[in-house]
Amino acid sequence: MRKYRVGILGATGTVGQRFAQLLENHPQFEITAMAASDRSAGKPYSEACAWKLPGTIPENVRDIIVTPIEPPLDCDLVFSSLPSSVARETEETFARAGYPVISNSSSYRMDEDVPLLIAEINPDHVGLIEKQRANRGFAKGFIVTNPNCAVVSFAPPLAALHRKYGVEEVIVTTMQAISGAGYPGVASMDIMDNVFPYIAGEEPKVEIEAQKILGTFANGAIENADFTVSAQCFRVNVLDGHTASVRVNLKENSTLEGVVEAMRSFPSLDLHSSPKNFIEVTDEPTRPQPRLDRDNGDGMTITVGRVFPDNIYDYRFVALSHNTVRGAAGSAVLNAELLVSKGLI
Amino acid sequence: MRKYRVGILGATGTVGQRFAQLLENHPQFEITAMAASDRSAGKPYSEACAWKLPGTIPENVRDIIVTPIEPPLDCDLVFSSLPSSVARETEETFARAGYPVISNSSSYRMDEDVPLLIAEINPDHVGLIEKQRANRGFAKGFIVTNPNCAVVSFAPPLAALHRKYGVEEVIVTTMQAISGAGYPGVASMDIMDNVFPYIAGEEPKVEIEAQKILGTFANGAIENADFTVSAQCFRVNVLDGHTASVRVNLKENSTLEGVVEAMRSFPSLDLHSSPKNFIEVTDEPTRPQPRLDRDNGDGMTITVGRVFPDNIYDYRFVALSHNTVRGAAGSAVLNAELLVSKGLI
Amino acid sequence: MRKYRVGILGATGTVGQRFAQLLENHPQFEITAMAASDRSAGKPYSEACAWKLPGTIPENVRDIIVTPIEPPLDCDLVFSSLPSSVARETEETFARAGYPVISNSSSYRMDEDVPLLIAEINPDHVGLIEKQRANRGFAKGFIVTNPNCAVVSFAPPLAALHRKYGVEEVIVTTMQAISGAGYPGVASMDIMDNVFPYIAGEEPKVEIEAQKILGTFANGAIENADFTVSAQCFRVNVLDGHTASVRVNLKENSTLEGVVEAMRSFPSLDLHSSPKNFIEVTDEPTRPQPRLDRDNGDGMTITVGRVFPDNIYDYRFVALSHNTVRGAAGSAVLNAELLVSKGLI
Amino acid sequence: MRKYRVGILGATGTVGQRFAQLLENHPQFEITAMAASDRSAGKPYSEACAWKLPGTIPENVRDIIVTPIEPPLDCDLVFSSLPSSVARETEETFARAGYPVISNSSSYRMDEDVPLLIAEINPDHVGLIEKQRANRGFAKGFIVTNPNCAVVSFAPPLAALHRKYGVEEVIVTTMQAISGAGYPGVASMDIMDNVFPYIAGEEPKVEIEAQKILGTFANGAIENADFTVSAQCFRVNVLDGHTASVRVNLKENSTLEGVVEAMRSFPSLDLHSSPKNFIEVTDEPTRPQPRLDRDNGDGMTITVGRVFPDNIYDYRFVALSHNTVRGAAGSAVLNAELLVSKGLI
């Protein structure tokens, strides 16, 4: 089987490095283009990139010469982890030039003709692509996005509850890992022996993205889910793994057993990067923990624990996801696999 | 002026060490007795104690011979930081033997004839002492307590709001420091690169203590405040300083300015350990932070920040207190100063 | 091929858990017995063990009922990670009862009839087993040991230099990971924002074990290598991975290139747990780093970097190994594979 | 007494902030000018500076308007914590314009007519100022420097030994705090769960500065001490406090007691910032530790421990200093006090 040829936009960053790692032995995709800032362009990837993941740069990308971030690139589709300051313009340029753009950036997430995908939850939202092409005059290319890394930690259990009971209100307090800020990102003096109570732009994103993801696609458009989210977001001294402390009110009558069962039985997909379990629910009282649970399902499983009735809300629970795998590069790769399976790539 | 002679129960533990530090140059109290487990008894404090605070053991207690934890002790009152497993019986023994017991333990906090004090908030609750003596047949001694260290981080701003507007519901998510678990306490393998989602017995304490503290004392009894608290408690990789993420609903109409003003203007006391400001409200978007703000007011000030309207609740904010000073030994010392000022010691 | 049936002595500890992990899909060994302290005996392993490695307890050992640490055990050989307080007596009991004992404990390391093995360096030292059996009256069983985890970080590059040039003097300063102390092990208050300058019993072990490992086996005995080691050992705030800062004087003339080449070309073995490269030498100026390099070769490779001429000694370099894989359980498994390959198991 | 009016060059950086903190209530100096990069110039210090020390910006400097880094400044002398890239030219400009420049920068440390001072060790080196003025045509101004922060951790005990026995060779391995790199400085992803084996330019500085400091001043020049230093420098996950692991060979016969006594009895000075003890020697086996000992003597004491005979060298020990107090701003302030006491300011 011929592999799809892939370009990475923002190849030298933290998420770009995850793409290189996740695609090293991928059966459907192979990296053929690495695009990064002008400072890096012209150098082999191994020189341009300050590799921060364990081990060394994958052999198959070491010698790829980094190019500027502009079409044409020698590839069939692009994964983008561009900073939002440049993503809006650049990603449109690529889509217009005919490339499917699988974006991890926040720029287009809330545009009404752009799918905001968690492959297991709302795969039908890819139906927006047709409208997007019409709206924007894209002939062959398009843009799909995956959510903010903090949203990914609690949207899956929420989806399970929403599907079964209807969600009314959600209170979420996040404790987010330093890798979410990229490299150099969080200064060590800001996080050692500390909690940092502010992540620029994060709380608004967390408060709006879930309604779109759990929205319904009909007549060529998304109708957002009608619950409300309140978010407070903190950075904590953890390398990888965003933890969300969640309270939720449901619309219909429910039981604790029913709630746990809804999460546990939420189906995974049959794609290469799909974990065996999309959502794992643990009843160990001291779990989930980022260090022990972030790599569940090779970083693609959401781990939920401490599901209890709450004093004020119907339920409380703790949800955890790997922020640079399931919360970023891994979700984008899974989205690409979904698009291939649907014949859209 | 003669100083009151003080005994420390649980002298070698983390909070016991804080007592030694805070009382080193205290104008009203001097440590004359150090009581600890049988393993330590008979040794000089400097040998019995594995000192974990910066610097070295204060000179004035180095050579005190540690005694068993039983009366008589050579002192006028005792501070207790006993583990709850032994506190209930031991503290009663001391009260019955005539000692005022200023306890940091959880054993008696919710007993209806025992004051649960934050000196600035409910000093009138010392009125319970009379009833307590009658109930329990204490001739001269008595027990007063200070709250759980996590409660101390958010009860003060809550008190400010409750007094002005009435509090209806509170959602609190805590990120607590490792020193709260004492020594050896939290294993490094459990907290490095990690968030630990469980602190034994903590969530129930946090959900009930605030109502008593903010309750009203009348006719010799406390009527608890009638709001509800929902608490999720996490341990994070911070040495000192508990951070609370809070949402609150108020009973009466309010404004953001009025809320901030209520906190800022909540009066401090004129006691030796009182900070200049009981509650500081910062409008720096990245504060409070445990490392930078825990020592405000020598560890006795509560620092509040990020006070904003919330999507679901009336307001959200972040509150921080030093868990072993204001949240433990410092509060106990302040309580003792309050009792002296009221002629109860 | 029939697999050898393996028992783990000290199965619930940090190193015991690593054994369970490393043997989960091993082609030659399968765990059939889990022995631990009386407190754990009688429970399924999944209940007896507070699992501290990422993920969950391997399926194949979850339900094994933990037994007391005494023969007979239902197995062909035992891996021991017993604390040294009990290892000496218990390991002898097992050897006398006919079990090959592959020990990670320090008790027998320096006994002159017990091999202290790093499989790539001194596999011929297994020749001591014959003498050991004669000395101690073991019919079928025997004891082999692997070195202290800190020694394993620098002994391999030292072996490469010793074989080629002869080593004269070694100055080593170690920065050791918290997992080396087991669980609960290092208290978080002792290591957060800290360096701990003392590890009980460590410096003497580090100063004597290398000479035996690099010694020569002849006439049924080891003649220790005749260099001297000076060790200062520190605990640092790292989860896994011991870093050693090394200066070395060589006996014969050498060049920097020759030194690097000696390390790079030191052969690995052809056993299941052998890494592709026994020693990797990096010329990245900022490597090795524990977080990035400890998992090289699945934790079995020693990574060396910053090899330079020194101001006083001939050379300086930095060496890193994974302390609970190559420095403990992984080395023991490799030793067992070596013994199988030599027909001794 | 009139206070000397002080300007800070590089006022918004980590060391600049320490100057502001240390001079807040200084009896001899008051800050009247704050100079920083063009980006900050024109703003009040409280706005220009991202304060990273505990608490808030001292009141007395909050409203000082930051000026560009060029003379004239409204002050009698300047403290400089400029990055070395600009320090050489700028500090000369200030000296030429008549200002005493007390520099924490590395630019002039090894110039043969510039004193490299640790006030307790080589106060007579200020004699170089006369020659410096002659050489460089400075009328009234001059430059004095304090050493690299890592050197300050071990030079004091070395000075004690050198004065008594003569030092021949020194092996030092440093474990340095993140604050030494300023802000944002070390990326959190580089140091969490990690040791970073490289600090740009550090090892050469550590290998040459001690000889000048311990050199003798005679005939208007310094004759460097003739020992050799070998340095390996590491960054560890510690906020403040550089730890040095040291081995030393002495020229004359010595005893362990004599060595300890030499350190303990090394005299402190009678200046405002002098600690009671310049060098403290602890015999606690687990000390010094950065978290517990860096603030000894308000951060101005060097704490030494684990002094033992070494296997190869005469002695080994561990030395610790607070890198941004004694190792930077505090040493500079002490140097200024020394210069005032000698009538040079």
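Letters A, B, C and D name the chains as they come in the text, with residue numbers starting at 1 for each one.
Note that a contact is a pair of C-beta atoms (placed from the backbone, for glycine too) under 8 Å apart; a residue touches a chain by one contact, two chains touch by 3 or more.
Only a predicted model underlies this, so the values are computations on that prediction, with no experimental measurement involved.
K.L.:
What is the chain whose Cα centre is as far as it gets from that of chain D?
P.N.:
Centroid comparison gives A as the farthest chain from chain D.
K.L.:
Would the interface of chain A with chain B count as same or different, where same needs over half of all numbers used to appear in both copies?
P.N.:
Interface between chain A and chain B is built from largely the same residues.
K.L.:
Let me have the rounded angstrom distance from the C-alpha centre of chain B over to the C-alpha centre of chain C, please.
P.N.:
47
K.L.:
Compute the distance, rounded to whole Å, between the mean C-alpha positions of chain B and chain D.
P.N.:
Taking the average C-alpha coordinate of chain B and of chain D, the gap between them is 40 Å.
K.L.:
What are the residues of chain A that contact at least two other chains?
P.N.:
52, 190, 192-193, 237, 239, 291-292
K.L.:
Using the touch definition up top, name the residues of chain D that touch chain C in the complex.
P.N.:
169, 171, 173, 175, 190, 192-198, 207, 228-232, 234, 236-239, 243, 245, 247, 285-292, 305-306, 310-313, 316, 318
K.L.:
In the complex of these two chains, what residues of chain B are touching chain D?
P.N.:
It comes out as residues 51-55, 192-193, 239, 291-296.
K.L.:
Applying the document's contact rule, which stretches of chain D touch chain A when the two form their complex?
P.N.:
Going by the criterion above, the answer is residues 14, 52, 178-179, 183-193, 237, 239.
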